[in-house]
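Okay, handing you the structure first.
Chains: A, B, C and D, in written order; residue numbering restarts at 1 for each.
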Amino acid sequence: MADLTVELAGVPLRNPLLLASGIWGETGASMAAAYAAGAGGVVTKSIGAEPRSGYPNPTVEPLGPVGLLNAMGLPNPGIDEYPAEIEVARASGAPVIGSIFAAAPREFAALARRMAGTGVVALELNLSCPHAHGYGSEIGSDPRRVERIVRSVVAAVDLPVLAKITPNTADPAGLARAAERGGAHAISAINTVRALGIDVTLARPILAHGLGGLSGPAIKPVGLACVWQIFEAVRIPIVGIGGIASADDALEYLLAGARAVQIGTALSGPGVALFGTIARDLASRLDALGIDRWEEAVGRAHGRPPSSAVQQAPARLRRPSKPRRAP
Amino acid sequence: MADLTVELAGVPLRNPLLLASGIWGETGASMAAAYAAGAGGVVTKSIGAEPRSGYPNPTVEPLGPVGLLNAMGLPNPGIDEYPAEIEVARASGAPVIGSIFAAAPREFAALARRMAGTGVVALELNLSCPHAHGYGSEIGSDPRRVERIVRSVVAAVDLPVLAKITPNTADPAGLARAAERGGAHAISAINTVRALGIDVTLARPILAHGLGGLSGPAIKPVGLACVWQIFEAVRIPIVGIGGIASADDALEYLLAGARAVQIGTALSGPGVALFGTIARDLASRLDALGIDRWEEAVGRAHGRPPSSAVQQAPARLRRPSKPRRAP
Amino acid sequence: MTLPSRSIVPISEVVHETPSTVTLRFAWAPAARPGQFVMVWIPGDDELPMSLSYPNGPMGGVTVKAMGATSRAIQTLRPGDRIGIRGPYGRPFDLTPRRVLVVAGGSGAAVLAPAAESARAAGHAVDVALGAVTASELLFRGRFERMGASTEVATDDGSAGRPGFVTPLAERLLEEHPYDAVWTCGPEVMMRRVADLADRHHVPVICSVERQMKCALGLCDACALGPLHVCVDGPVLPWESLRGLEEFGRSFRDPAGRRRAYGSAPP
Amino acid sequence: MTLPSRSIVPISEVVHETPSTVTLRFAWAPAARPGQFVMVWIPGDDELPMSLSYPNGPMGGVTVKAMGATSRAIQTLRPGDRIGIRGPYGRPFDLTPRRVLVVAGGSGAAVLAPAAESARAAGHAVDVALGAVTASELLFRGRFERMGASTEVATDDGSAGRPGFVTPLAERLLEEHPYDAVWTCGPEVMMRRVADLADRHHVPVICSVERQMKCALGLCDACALGPLHVCVDGPVLPWESLRGLEEFGRSFRDPAGRRRAYGSAPP
């Protein structure tokens, strides 16, 4: 049976399947349940300095097989009350990664210190929520701000720091490099893709907030492209996120360069039992592919020409190497 | 019966449904067929100064209900041979919009002049193809370059110029504003979303080029968000593109701010007959919604609070206006 | 993974059930089972979870009691107004018990009436203990009677039936009759009390539970109740899975996810 | 819109049909009809359209003639090697004609053999005129004979059957027998000639046409032939829709979409 254990920025995990931030992560009991069901670890809901109710409903819009649109508006109990939830999650044995959001480096650092005090194994910085004014991708798409924020957090705490970056950028690799320069220990990619749904009969956006973020099957190819590009740009490990619903989806991320993955939207329906299912499937898929340890295959799809050659080619068009003809 | 005619940057169209660039647009006969089947007009394949074979196959990967991944690599006959195709398309009566790509302002201008000489009614600048080194979104995600390119083309030709922008950016509205400053007469949004697919058993990217672009149902919410944001930022008309497969999809774009739309991937299966179907459905949908003319509803979803209020709010979080309670 | 999408439907009928409660009927055939709920969107306002008081047939329906801003806004809707519906969501009642005691408090009758109706249609015996603050607020009293359920009522102000809470009524019925199940919906303190009573008579209890809801898809954690998520594990939950949860009947989560004690005002 | 996705399958069997032609069989049940094609991906190399020479049953198969780099690379594949398959795509043969003349040139037999096989299985009469450069290159001669099709051959070098092109053979058969249809696949100049002959005998002709292909989904325009797209309107096309196209048999589109005249070398 293939070995699923993985070390992520110094944190040992029994498997690479993590609960994504904002899914089942507001309460300790839910995080504990995710771990009991087979997750390798959990990421908390993104926590801020103050409690926030989030946007009014509708906060989500299901888009059939394409995925899910959401604009929750970062609801969270605030850092004063949240440690009690982490306590419950930790009691289950789960490695808990504390996600935080703030507007500026100093606030990030202060919040990080408090989050670090709760016993989490690592921090994830939400630099990527696409629909909260003044937070998330509004600050996280500027490489200099990303670098400054990461640097201030890394200086403030003694824990591994994961920078969660946005796909809504021309250059995900540039953002990842900025985070690496700031001292980040890993990159989480991706958050949701900026998106909108309009009701035609009412002539208005469906989500109360208007713009939202897309998650689920639609964004798997987008997340894979980001992880692929980031893998070619940084040396720190990558946590792949976006549209993962099966062992094969997780493997795609592994081969693109992810050392661990997070699962969110796909839990709708199967619930956290999906973690157990994917972990089992993953082990037998790795066996079938002749891979003994998950870790050994990180980024393997980069290893073979012509794909890697294409990636490393100078920035001009590569003509197909062989002449073509019509039949 | 609702009136579908529309004026786009001075060009009168019998309906707002255009053939998207790169779909059925390499040959004159195909464009003529699209017009005969009911399209309001056609956009040519993006044409360059030289013939290009494009990337080797696989150039596409179907992703089930999510859509299509492609990296064609801008194959095209080159501007020397292409006028003969435009001739055939124009003979059918179709308003032909000539799409061009180049690497720098001067090349764009030279190519634009030649394309303008073929009798096209407008030009579309491909500033957004996500998978061609040195072209498309590599140059099109920098607002200053967008502005310079548009300016040089506008100075060179006497035709309306549409700037086709990329969704792979933190700020689509900023790109659109740059194009507007450069003198663009309309914005086309969006091109495909940067994406990747990996075959797990072979541990390699599926497309020969590696990275590609996602089109089809998955990107409709992404295109809508871009059009929405651009509508709030510019005064020139917008052509909405991405995942349109039905009259209701087109209406979503209309209400988000699009004056016309383009259809690409959805033609797989129904073929260009889809134009006739959507045109018919559109007329009766507009009737049912009490809209007499397509044009009168452009951007209507912005007109009502709270969505527009949210959009115009200063960049900080809006709390829900009413208190909430648990049940 | 394919999530059911939203429908925008015009309201076809508005029935004023009590001074504080209306039923909205709409041409949306839910194909749901009694106990399941939908998310009802009032465009321009909020979106709320609502049990289907009419879960089958071509005309769905929800029955809404005026509570806060949104549920009060709902009282003013008129036929032709459009609302958004998504669902149905959640677990329904198990309709196999052959002799059921229904204990309804306030708007709890909205979900219990269709469940009782289905039980009656299957030929099962249903007794109803129905409570409200005052006679005019007794929800679906006529509907229970018409379906052939033996219906007794209690009102806080004594204006109809037994004065006071509905729980003593339930206690008497439990003493008098052997039930296969108790179905209850109302304030959690009431449901806790009913469950304690039924426990003493060794009758299994099923509660229909309400919690803050945002996604209704089992993702956002807004509806967390211990390790349960009311939107997918509930809203219909057996007392066995609630009994051990110290939150049940005592605290809820506010929209920020903070745990808050139930106040004196009935939730 | 749901597009069929790709399968990666190991090759289960490699059959050397002629010195320049191999058949690859793979455990991928195509559920296709004779005339339809798949896109065959040789990982690390190109992806090419290939008619299914074995369109039904649990083991699909394609039969590939060495032409350029990729089709030559295919000749070196071994059982266990993995290839990618997507499809089936395109329009199949109409199998209703009760008396069919099959005219095959070169690798054209790859698509005509399964069509003839299905016709024979339905009890229809099939005559075959099979051409190749030399005797050893006569593709599927044995397969045609085994299915009970009356098979005559022609070789350019006269090493088997009638010396010269296959068209005179087809002409004789058309004179001797009354056919309901002619099915032909081979170089376009050959198919044009066959069609002209059949026209004179008022027999409808169906051609299987090849063009540059990239998407095979009816999107990219690579396979355009007049207003037709061979990947979706074809590859099996009635002569009526080809007759008016001055391109057919005269020019093709290169991978850049440029129109190029067919050279002297047989395509």
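Operating definition for what follows: a residue touches a chain if its C-beta (ideal position, glycine included) is under 8 Å from a C-beta of that chain, and two chains touch if they have at least 3 such contacts.
Owing to the predicted nature of the structure, the values given are computational and were not obtained by experimental measurement.
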Note = subunit B and subunit C share contacts with A
Chain located farthest away, centre of subunit A as origin (C-alpha) = D
Note = Whole-Å distance, C-alpha centre of subunit A to that of subunit B, is 30
Remark   = In whole angstrom, the CA-centroid distance of subunit A from subunit D equals 49
Task = Go ahead and note the Å separation of the Cα centroids belonging to subunit C and subunit D.
result = 66
Task = Using mean C-alpha positions as chain centres, tell me how far subunit B is from subunit D in Å, no decimals.
result = 38
Key: Multi-chain contact residues (two or more partners), subunit A   = 52-54, 56, 63-65, 201, 204, 208, 217, 304, 306, 320, 322, 324
Interface hub residues of subunit C, defined as touching at least two other chains = 44, 46, 253-255
Key: subunit D residues within the subunit B interface of the complex   = 1-6, 8, 39, 41, 43-48, 82, 84, 86, 213-222, 224, 226-227, 229, 232, 253-259
Note = Within their complex, subunit B touches subunit A through residues 52-56, 63-67, 69, 73-74, 132-135, 137-138, 141-142, 166, 168-171, 193-198, 200-201, 203-205, 208-211, 214, 217-222, 224-226, 228-229, 248, 251-252, 255-256, 285, 289, 297, 300-301, 303-304, 306-307, 310-311, 313-322, 324
Request  = Spell out the part of subunit A that touches subunit C in their complex, as residue ranges.
outcome  = 22-27, 29-30, 32-33, 45, 51-54, 56-65, 68, 70, 72, 75-78, 81, 199, 201-202, 204, 206, 208, 216-217, 245, 264-269, 271
